[in-house]
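The block underneath contains the structure these notes are about, expressed in structure tokens.
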């Protein structure tokens, strides 16, 4: 049931180097001394002292510069925990547990022409993935969407490492108008030859991506969210229903068996 | 300087009083290398039933002030998988192994106990008669002194392993159930399981947990846990594992003073996985203050 | 914009759902001018007995994670002083006045109720059968459905005032006591009083509270309180005052959704005296979302 | 039962202007805009955000410069609350409730030759009192003591507004050697004519002061401590036994009936 090898797990402090707005979200750049080696799609359990919250909060590794030890978080302040972490001041130390979970398949597995689909803050982990894909010689085609332009996340970085980046907003304030999953259908012609889909966003987006992947006949992977306590697989708090339960087993753990699952593995709710 | 932290918990000689409690430390390895299982005097594995149990639908957890609610519903792969996959690996590590046993019926508990009786990797069984998150079994046993007694009697018939009974604080008088357990032949008590609680999402107007109610754990419940240990110590002679919200070496000592000879930690590991290691380190200073562990000193 | 926060709590029409709970707001004036009594839909004054009670020796309080323990022991000057000194002043203010009634015997409660029956300043009586900090009376009543029923019957005979019964969460099944209260003729329930807890001073090895045990209050117990309200709502038709750890307008709404039509606040005022004013302000926004207060919505 | 008049109670934020060490304690200077009018011996319930503690902590007003709105706290970090407050950074805001309680009798009541006795951090409120007494034309004779020199509090300010200041440390590292209450007896000759005693410190000190006051035949007042929740008289948490219980009443409230009591009023434990 344990996923990553033991030595992968680190508990460390990292200094906030920058904290800048990115639309309605905040981009935190952390200076990491710890010898971590994360994969795109993995996440961290993040704590900031002086918080009224008791548990840490799961946040995707949005970007990772291994050479300089710079790690980026893209945080949408939605509740007490994310608000508190998102307001960390430069110079402050955050406590991090990770890298956690199973990330996206390797660039090799995603093939020569990967498609990335992100919705809202869900684009966060796609930045790191796109960077790895570009480095492997197969930059992705990327679609990201949000309700409005302020909620598009990771645009700049994604533009730099995608073959092509299409933006969609529901109010039309940036890019094409409509849900990103509808906009994709209008670009179907341009998507011939894609080899896989990697997605992150709300359930509706993942469902639409699953339909798309069936239509295109390519494997699709999505990053999922659930409330978490331990983040390492110990508490079984982050259950996600399996698509095909069996043998008395109905649920997988988002933190340790995911957060990235093949879309056919789990029931998207 | 005395840094031997060992303590006798009933028949078990623990290297230190700290115990990883059931359901919060998986099968011992999820937190490696930050919390290796030998950090603890003993590791209690997840509640284990005869057949696999799927557990409850999500959401299963909610954060609360200084704590959390959980309604995992005792998801577990069943005792056979425990024996084949998890016990051998844990047996290699230098800690005592306690299996938390659950069932929907007396036979369910007895079946698990029977299968574990011959396993040398298992040092004791903890009968969980106190889980608030399952329909049958669990807490419905633990609130009735008669049911607890019957269960202990039936389990005792199939195993020689030490039987620890884990009680629920959701009763009018915990000493009644504690005494019933003692009279029925339990070897030790484990106090406390979670308090029954709930949370509501005011946006949707619905309970947050799919199971509606869940078990409250973490520092929030520590005063209740300490009171239960203190009361049970006064009412019985059984060795006690005290637990509920432990987050520091001082908490461990407080539970010992209330009457515990083993002290569990669960939820606090989620908040900060460095806590168990830090506690064991800090316990050395406390230990050096006393000739022996001050078990039950608060009763003097 | 709808900013009429009024709500019907049994026979009482409250200007807003927020109530200052017994024992945390004195006789209504200690926090002036920061929290004037008319901030609240109702003010429940300190537990009042027939004769003056001295209360417990200090220490009487201990801070705990997200909460506190208290063992005040119902110190109060007796019902005559209440009537002469405190009620007249509070009656001048625009809020409902509820008197929390305590006794060591049924006669003790009845005596207080009798004296208050003719006082126009008093809008309702809250029978406290749930205080964990006194030897006789208090919680020993509240854990027995029969004793609760007897007490309500006897009090009903001497007063026409609405009778609110304040129950303890320290029972195996709160619905049993809630139903007993309903059948015996209670007009409303107040849920919950404090959880029984304790704290130990590891320096001295002694319980911190002179009374050894005390009552746990504050945000720590909110999930337990919410669960009790939800259960009682499902089990009875009585109007419910929900309380326990309330610290925000969102908490108030959660209690309403669980089934409360009045929501008490106590300990959170100690942590920040601005809380009641802020809650009432923020409730306006919540109120504007609904046609009527969403009482019991979480049961739908 | 209510002590101060209603309008006296304020809940306000104040900026930390300075935070400096004073032996093992910290001296915090707060810039107060609120129109408060405290008396010596009164205290504040102090909160600092980001705390793990739930309740505020009672701290005496150690000094008050009404003209400049500068308030001083002298804090000995002994537990989580005092440690957290004592480490507030300049520029930060603290939340204060007060001024609370009944302070020392007025300079008039204390008479022409008041004696102040402080032990350890107990000297904190005596600074403010000494300043008021000096301003009224009757600077006090002041004895302060501690286990060692590092634990003497308020020395400098007390020196400035006392007729005479005697220091005592148990280890002899500063001033005379011995407990301050023993040292006083050696100075008994010099104390003829004193009109009252005001004291603050541990129970042992207050007890010794009571004996001294009986011997000298002057009224004595002490500032007492007890764990507090509300600080305003509402919760009855801070009970102190009355010297002469009666009428079903055994306890007074340190926060509202005190913290300063005539030593004959209460049972010193």
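Should a chain be cited, it is by its letter among A, B, C and D, assigned in written order, with residues numbered from 1 in that chain.
Please note the rule applied: a residue touches a chain if its C-beta (ideal position, glycine included) is under 8 Å from a C-beta of that chain, and two chains touch if they have at least 3 such contacts.
Predicted, not measured: the structure shown is a model, and the values here were computed from it.
Touching chain B and chain D at once are the following chains: A, C. As a whole-number value, the distance joining the C-alpha centres of chain A and chain B reads 35 Å.
Averaging Cα coordinates per chain places chain A and chain D 56 Å apart. With centres taken as mean Cα positions, chain C sits 33 Å from chain B. The set of chain B residues that touch two or more partner chains comprises 62, 64-67, 218-219. Residue positions of chain D with contacts to 2 or more other chains are absent.
Taken chain by chain, the contacts form a single closed ring in which each chain touches exactly two others. According to the touch criterion at the top of this document, the contacting chain pairs are A-B, A-D, B-C, C-D. Listing the residues of chain C that touch chain D in their complex gives 23-27, 29-34, 46, 51-68, 70, 72, 75, 77-78, 218-219, 267, 269-274.
Remark: chain C residues 62, 64-67, 69, 143, 170-173, 195-200, 202, 205-207, 212-214, 216, 218-224, 226-227, 230, 245, 250, 253-254, 257-258, 286, 294, 297-298, 300 touch chain B in the complex. Chain D contributes residues 49-51 to its touches with chain A in the complex. Interface residues of chain D facing chain C in the complex, by the touch rule stated above, are 1-2, 6-7, 9-11, 47, 52-56, 81, 95, 97, 226-241, 245, 247-251, 256.
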